[in-house]
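Should a chain be cited, it is by its letter among A, B and C, assigned in written order, with residues numbered from 1 in that chain.
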Amino acid sequence: MTWDDATWILTSSFIIFTMQSGFGLLESGAVSHKNEVNIMVKNTMDVLFGGITYWLFGYGISFGEAPGSNPFMGVGYWAVDVPDAEMGVVYSSYIFQLSFATTATTIVSGAMAERTRLTAYILFSFLNTIVYSFPAHWIWGRNGFLNTLGAIDIAGSGVVHLCGAVTGLVAAILLKPRSGRYDDGPNELPLGNPTNAIVGMFMLWWGWLGFNCGSTFGISGGKWKLAAKSAATTINASIGGGIAAVIFSYIKNKRKYGVSDLVNGILGSLVSITASCAVVRPWEALVIGALGGVITIATVSLMDRIKIDDPVSTFAIHGSAAVWGLLAVGLFVEIDYLEDMTKGHAGLFKGGGMYLLGVQSLAVICIIVWSAALSVLMLYAIHKTIGLRMTPEEEMLGADLVEHNIGNWNDPVVFMRSISARPSFPSATRRSAVFPLPPEVSVVSLASALEREPKRDNDPREQAAITSK
Amino acid sequence: MTWDDATWILTSSFIIFTMQSGFGLLESGAVSHKNEVNIMVKNTMDVLFGGITYWLFGYGISFGEAPGSNPFMGVGYWAVDVPDAEMGVVYSSYIFQLSFATTATTIVSGAMAERTRLTAYILFSFLNTIVYSFPAHWIWGRNGFLNTLGAIDIAGSGVVHLCGAVTGLVAAILLKPRSGRYDDGPNELPLGNPTNAIVGMFMLWWGWLGFNCGSTFGISGGKWKLAAKSAATTINASIGGGIAAVIFSYIKNKRKYGVSDLVNGILGSLVSITASCAVVRPWEALVIGALGGVITIATVSLMDRIKIDDPVSTFAIHGSAAVWGLLAVGLFVEIDYLEDMTKGHAGLFKGGGMYLLGVQSLAVICIIVWSAALSVLMLYAIHKTIGLRMTPEEEMLGADLVEHNIGNWNDPVVFMRSISARPSFPSATRRSAVFPLPPEVSVVSLASALEREPKRDNDPREQAAITSK
Amino acid sequence: MTWDDATWILTSSFIIFTMQSGFGLLESGAVSHKNEVNIMVKNTMDVLFGGITYWLFGYGISFGEAPGSNPFMGVGYWAVDVPDAEMGVVYSSYIFQLSFATTATTIVSGAMAERTRLTAYILFSFLNTIVYSFPAHWIWGRNGFLNTLGAIDIAGSGVVHLCGAVTGLVAAILLKPRSGRYDDGPNELPLGNPTNAIVGMFMLWWGWLGFNCGSTFGISGGKWKLAAKSAATTINASIGGGIAAVIFSYIKNKRKYGVSDLVNGILGSLVSITASCAVVRPWEALVIGALGGVITIATVSLMDRIKIDDPVSTFAIHGSAAVWGLLAVGLFVEIDYLEDMTKGHAGLFKGGGMYLLGVQSLAVICIIVWSAALSVLMLYAIHKTIGLRMTPEEEMLGADLVEHNIGNWNDPVVFMRSISARPSFPSATRRSAVFPLPPEVSVVSLASALEREPKRDNDPREQAAITSK
């Protein structure tokens, strides 16, 4: 590795970290006003508690090559600290991989929004980064078993996005929907702050260029050519996904342009090109992105129809689009003669036969099974110990007030608005300004929810909420 | 081109793309609340539909060098896709130029704000990128006729900004002012969200460093020196423009500091240094920027006095400051011996005589005539087919509600505020909390504007609005 | 210097400038609504008026090496403008140092928020950049006396942060608290817009990577290794500070997670690692950051207890954490054999004895004494001439309305809210929706505060406000 390579990796990392700001604004803009600060705090916790785990264990599990390292997990680099001779290579790699790891955990926060206790989330964030580190080893580690088989996931459609999305899906199912979410049917809820959501999308969009182009892991040799190609395919995919989303949304919404559809379509297309960015052609990127966008929007509707409440469409964007992206590798890629990023294999449409498609399918299955199994274990353990879900009163008051003391008790207009779910659509089915109080919640219990902090953990309501909904 | 050059170009492109976030926030902060989401969606559409056009045709028209390429237009690179040997150079150039092209189209969105139908805008965005690609060829293409004559426009004061601004001016004139805009005279309207507008300005400011410094198109040889100089002149110009704006505004506004003036002055100064950034001295940049800032603010007042309604001062910032910037090249530049960016000519003040000033004036005229003529054609065609302007009811309700279903019908305070034009200034002439309803708008017609989506296209009101205002 | 080095410096500068957006959003989100635009304008003024000073005098004072240059101040580079042979090195250095200088001044704006006249602030901003330039020479100038002694402050814990913070502290003391600030005791005030504050923190966080990693001043030789290490230590320090803040806040706030604590802890930890980023180990960074975070939060409480009103915790974040950061150098650093960034010395824990700790302490003292003395002079001169503090009426109405004509006189709900201090906490002691009017303010005097602009400067109230509070 030369200093030119290191500079590219570091600069890309700095750009990738700005995606945390993007995720924060996107999620904050998507949820209701009473939770918009809390979700940004969650994203901060991901960097803090996910970061400490990654430094202590994660980087070593993914990229350690000390004795004992094997196809399933790496060994070494615990609490990353290396002598001067190695520090250029290891620290630039560490910081780059850390930016990926914290992204993977942040993805999950969206699916858990508006009903998860912050203390539980912090513990989850600490543990989840370890879960992420294993698939990173399988595909990116020198001796990872999927790597050896030839699996290709250049910037992490599978390792980062699918891993986070599956965990999010498990969490959304375990947590159950927000109170009253489906009382009026599966209609999409409005965004709490659409302007912030779009700014967040913009930040993610441009940050994604660092994500995908940085994954050539340098610029020396032929790498700069692959990085340039990655930029072109990444933007082209988003153009494909965005245009598909606009058309799809215009038809679905009776000639209105849904903002959520636009955002979901663009982000889904970016997820789907992430696996193959450096090794497909620009027109193929357009096709992969367009399909990725449509798959994402369709998954959003499907999830609401089966009443899995995923407030910022985590699984649709980062899950189903990622599966498509990993399989698209098995269809579209041609052999890369510059840097051998395709490990000698070509996709089905390029004369490579079924082998690569098979390996990619295996990668999909391994990631899904691993993430799902570990997530169930982790989340169930947290639920049984410190408790995962807020009480109905806490949910009604909102996490901003309950967790952070943010709110205004003295201005009745502001207060009533802040405890209403969110501004309603002008639709016949959602004319009520506030969600009706659930039967077990009274004004008295609401007020006491703010006072009884010291005994909060032992509250039987919290247990009831999660098991009875 | 080396990989060092390619890295510089790519990194600059990534920074330039963040200007889309900046434009979005600036425009969103400048318009009234009822349109703040719609304008950000417009900016997204520019990347999507402008991007697909640029990939298909635009890059080829600007930079194609296949047989048939001539001083008026390039030929080749349709649907950009090149073999491995060329991909480093072509894709990094493509992504850099794409970031410029989408910027040029985004500039126009401000002039059309608050009264343009989104479907019409999408079609416009698709077409307008082609209009942009021709002047880019004339000045930046190897055999472009203005290039051959020696015209200098380093980062696109003319190609990007003037081109976009003239189109914006044509659109503002054709669209006519927003309903009731000049009922109380030509006074400036307050910004809908000044905080967002300033954040947007900040993002544009720092993004401009990528814009201007990336335009050395590499760092090898003497290019890194010119890039460093560009950074210094760019910042110095903005300092000049900002300080001029502060002084000008303080006097004009009777010892208050107008936020719009500050934003417009800084952005105008950045536009004016864009043509000459690498080949003027820092103190000259200060002068060019200061004049650019003053010209911008003066143009804003002039436009309102002649009742051309340009909601975010597009023409003032990107048009008149750009003309000044292009002419300043003919005055200030000295011969560049490092990379020959001045093509052997010097400006009037550096002993080069009138030649360069003449060529720069010719460039100004060519760009204005071309952009104006094509814009009239395009916009008139759109007006006559699918219709350009919203109906009075739609305008009253706001594009956020009408185009995107964003709004709150259940909260009367929020609703009445959202359909009022915007928060009023504390001035004697603007004490009404909402604009009065125009005579042809009734509460009944307002309500029906939300229900009648299916027959919207044939509505005679839309035709009437644009022809009778 | 090679072009690779220049690129690194320029790219870092571009990233550092984005910190201005971060500071703007953080401060704007921290103050009350009626001042949220004004504080962003102040940050803009820092770039404009701080920038012009730095170009004219500052860069020369810090880095001039012409005859006459001495250990106390540099001489040369006035109104920076160099011939072609030097321009690559000087302009890239200039733009990098300018990004640091404007940051130092911006730091002060927070301490002066909500009660300083903008005209006074502009004059202050112009002068303050000169104050900053001297310590920069002492520590970073080739013949600076602290540099010669071996003081280490890699990215400016002392030069940038402590310098700004001490000036801020002096200003906060001279200005006195905001009207009514401590009427209900020293409790923390809520953030005006916590979402914006967190977005601002995010932007600062990622921008800090450019700040610290760019301070290797290149990538050639062993510099890229130190840059990579700096990225790792910077992020690790913030993880340490953030986690410490979360734990501290959770205990202090009776099991709620304070947003201010989180923001202050992370930013304080970043300040504390800035002095030593390239020459400590990742685990040491974690410790330095954790202590930096705790010191910051403790200082915030202390300041309010002694009734020094520093609205965005400037001194706590940039001052006390910076002192810790400078002293930590004297404890933790080991000799750097790659680029001699430690000037041959090691810290106390690495066998270097007390020498380095002594030099670092001397640096702390020199910076504090210099900044404090010059600040008192400057601010007192401004106070006695054009006046520093707003009148009570102006403060009540808010700087957005008084300085920028932003506000809404026609909507009584909005208006009453905008002149109330800020949304109150649900605490027993702060139930009033608005601060009570101070006795000397009447509705008549409030109204006249908006009309009497022409005679504002001679108003005896302004003098009274600052001397009698």
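Criterion: a contact is a pair of C-beta atoms (placed from the backbone, for glycine too) under 8 Å apart; a residue touches a chain by one contact, two chains touch by 3 or more.
All of these numbers come straight from a predicted model, not from anything done at the bench.
Any chain that touches chain A and also touches chain C is listed here: B.
Interface note: chain A and chain B, two copies of one sequence, contact each other through mostly non-matching residue numbers (shared numbers fall below half of all numbers used). Centroids built from CA atoms put chain B at 34 Å from chain A. Residues of chain C in contact with at least two other chains: 4, 7, 11, 413. Listing the residues of chain A that touch chain C in their complex gives 3-4, 6-7, 10-11, 13-14, 17-18, 20-21, 24-25, 28, 36-37, 40-41, 44-45, 47-49, 51-52, 55, 79-81, 84, 87-92, 94-95, 98, 118, 122, 196, 400-401, 403-411, 413-414, 450, 453-454, 456. Interface residues of chain C facing chain A in the complex, by the touch rule stated above, are 4, 7-8, 11, 15, 190-191, 194-195, 198-199, 201-203, 205-206, 209-210, 213, 219-220, 222-225, 227-229, 231-232, 235-236, 238-239, 242-243, 246, 253-259, 262, 266, 281-283, 286, 337-338, 413, 417, 423-426, 431-433.
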